[in-house]
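Dropping a structure here in structure tokens format, bear with me for questions.
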């Protein structure tokens, strides 16, 4: 059943808890002969790394990745690639209250209901720290599909959206919010800082685009490209919604508005007049850019007291001390990119398996 | 890789094309000893059946299911349950144009790009007809989780939403739209009929609720209940978006607004003050109702000409003759319910495997 | 978990019971564009078909296969291929005793212990009749690997082995035992007929060779080619042992005897001086013929009374009336060939997925 | 496809090469609440550990296991258990010849044919060192099925078999061969030492028995208990044959000889008169002890020169310097036990999933 694995052919598994000695990923099925070393992975981890601005958690983790297997003389061998990241800056003392009472919005109660007890330190396995393992695995996935270009950005925080007329991809890495609209990025400084000072938190919407995917990746019917992407994105902590292409907005269009008309293109490929479909039809890529939109709820760890119950079922209230992201969607950007890369690498190989 | 299977423990596979001799599902891993016969499955198929009102396709299919294996003396034996539905009312002649040119919004071009050719009759494998197999499998799944109550309804068609103040579950089966708001249902008659007469089509939003799910189903991290539901729903034809609980609206809330506060309840279980999370935290059920929202795009088969290209890459325009749903989301309701049942039956068994 | 499926990329599932209306297989992941029709499958089923000589069961089954999906205009489409074989000559009345008491050597007791009850007619799901579905699926698999030549034969019945000095592949289809040694085949007539008249049964050894497999198929470590073959063969009814290459005899060799020395060959490939390894090293094919040896126990259905207990736990004795193979290993030959084809088709595609 | 994972519900993956920094296993799906720490795993690793007698390789590896995740306050949490063993005594210089030419019987040529190159140090991923990871995972599996007793032993080395009349389980741990017959153990000292001094190697047969398995574990048809065991055992390095119960000897019995007659037993369970079936009928356990027999070929690493070719295809001869087991089957004993435990833990959970 592979509770902690993802992918069909290019497949990765993650392990580790927020406050254990380390976290990691094992990538299985990677093609042989790809040039790789730790320096190819580290930049993606650095992008996700906490403690880089006042808008993210102040936990200081170097997130230094080690390759423990599957690479020989700088190339992948085709055997499992074991990636390990040590946990350095755990402060278990912060979590004493959490051991006793459930934080609403967190997995605390659900874990106790399922397993009978839980590793309460920093959320244990349910901590967003696990996503560092995905980012490391995603860096490997990118090497498998070198012609695919993937980028994500935050398009909305706390209901305040970017202006697409000002969209500038070059801006994304120029501000702490991965925001392509510099005016919105300015507004968000105030917004996020305000939430942080209030001990509150904000939700966000992340958008991800993959271009360079040829027509033909994906498969009917339960391995559809959009179905895999939905599973991948919804598995990220705090994600509550996924849209492909126009998503919910498509439900408000008429058939003729939603059609992506085709005309003969210069290179024998179709020239599409629109991309309402987000690059996927019938679960299979059309050659247009793949577009996914993801909703992150506000961080559940807040300093404002919320009604709850204790493990013994008594009424209590709880605040979540410790160091938390006021808007977990921001650091979701590299995670979304990693999941996109992981799904596409898998689908490329799956396609190659069946169609040669 | 199981391209056409879904589920981990309670697992089903579907096969069949729109215009082949039959379609079907094989359900594997079903618990033994459950009382079942064709009459337990048929009502769900009847609910999805085409040709029952002028708001759905006029194709006439009795959708009579046969159980070919896995049941002995009226009880499941624990071996695979093979379910077959014969195709009766195929009219292959309607699809001659489709053989030559690609219908925008359909899988035609993507299938050709992937496989080199396609069964163009009625969309072949990409036809929504496949969902009848899911509905049959879903009827079996319901027997596995008898204490779970599942229902879905249409909450919006063509951008016209129900008024939740008028929500009446008893109304859902009283109109051809599975609409819980009788006033909206009236409006939709005009709306859908208008689109049909225009040769156009409309999108829709379907909502699904499962109550009676105990806390503890689901699993970290890539087998999360919400991740499985997202994959399940996104695998349905024409679906472009999935939300759990508040979904994208959660991205606009602050942490303290989005928390679902807990208080001690009368029976030792928590009493939740809200259900923004849609019954799932950390990928595991909380005991609250599971809530999912699904966006269906407008049917791509329309009578309004759209620019396209032929298989040879020439410019053309195309209209889709034949018999089609003006709003495919309507008949999506029993399919969404089936997928919910299939995911939950699987998760119940998965939970039992690990936690006894 | 896919209890009734096999394969990773080229994947098939079977369903059906001995005395239900039909049995069948669904083949998923098949490459598109392969020419196929029922006539390509039927000869393999005919080879396995009961009632063709007095040395096999007298049940008369035409075993006519129907392709219900996945093929369009005579070519595979890449979607699931549903294959169905109707059961024609069931005689359920033969099995009344079996309903009450357990046949030693059969699955009766184990099924009851697991599921609480069982379809006792002809062994239900545990009947060797299921292997017809595998043979049908195997015929499809052969199309995926057209350059691989697969054949199997019986090398031993009831302890009486062929003389390899007389091995003649052309003889295999010239006698009812798939025996490559015509002298042994003559002896076996008397041997098997004697066992049949005694109401007893005999075991057999089947050997299978696949040539034309290039070096490089298979994978470490739990997808090893030999591991997959062992699972495939051991899943066949009545199989109790599997050997690759020299098998148990290798355990009696010294390292230098067991080595398969290599010399440069005429075409740039190695020329091997022996094939103790059976064509597999480290779980990966070496380019030599793949060799597997399979032990079939004697048919458990015999007319000689055996001590047993009833469902209520009372002492009883039982004989198995009905029509049975005196040596089930004989009809195992086309099943073993089918499993070889199914494993190799899968491994070819798996290799293509990872290594391009 | 999970090339390096095994199991359906209780599932483990291994990673690592002979001469990399470490090897390890990730166990996924383990039930929560089981008491465990490193000291529960270490004795099994110590049993497999090299360098403990002159009859095994002289490589000195402490094989100290670390638990990196999935355990909190001494109990399994239900999340992945990451187990790591550092490689300490690598001597990469020993393997320079191996880089240039292929060792017959080894995976060298097959790996190069598949992947284009290979980590030649100590066999890389194909080294038997990987089995330490299995032994660690197997120690966890044993905790899941505490009522099952598993033991294995060597029954034959180099064709010299034990005398079953002298079988004494208490002797197994009293000699360096895991031999239950003290007289045979004495003979093997001379035998194995002779092979070692000759620079040669010997094959072996290992037998494994699991008692305490209740009737009902296992499943039709491709998840049969015997099929899973065959795959598990055949995945171990150097294994070339697997038998369940009487195995190939059953092929020489008549039906009435091979039947395991049943009589009412004292506790409501059947009392079996024999166990030819090895505790499995129809792929499902019968309540009798599970019996498996496994053939290990002689170690391919020998000091006697063998004809081979270089990577460039030139004729050469090769001897394998370095430190090797003269009989790899001996250290196979704890590995076989581990695989038995891993299969049974998985099957128990699989049974619980379906049958409650």
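In order of appearance the chains are A, B, C and D, and numbering begins at 1 in each one.
In the analysis below, contacts are C-beta pairs under 8 Å (C-beta built on N, C-alpha and C of every residue); 3 or more make two chains touch, one makes a residue touch a chain.
Keep in mind that what you see is a predicted model, and the values were worked out from it rather than measured.
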item	value
A-B or A-C - the one linked by more C-beta pairs in contact	A-B
Relative to chain B, chain with the most remote C-alpha centre	D
Between chain B and chain C, centroid-to-centroid distance (C-alpha), Å	39
Chain A and chain C, separation of their C-alpha mean positions in angstrom	46
Mean-CA-position distance for chain B and chain A (Å)	26
In chain B, residues with contacts to at least two other chains	1-5, 8-9, 14, 29, 32, 78-79, 114-116, 125, 220, 350, 353-355
Sites on chain C touched by chain B in the complex	1-5, 8-9, 11, 13-17, 20-24, 26, 28-29, 32-33, 66, 68-70, 72, 75, 77-82, 84, 114-119, 124-125
Complex contacts: residues of chain A adjacent to chain C	1, 9, 29-32, 78-79, 220, 349-350, 352-356
Residues on chain D engaged by chain C in the complex (per definition of touch)	1-6, 8-9, 14, 102, 104-111, 113-116, 125-126, 130, 156, 158-159, 195, 200-205, 214-224, 226-235, 237, 239-248, 250-264, 268, 270, 273, 276-278, 280-287, 295-302, 304, 306-309, 313-315, 329, 350-351, 353-355
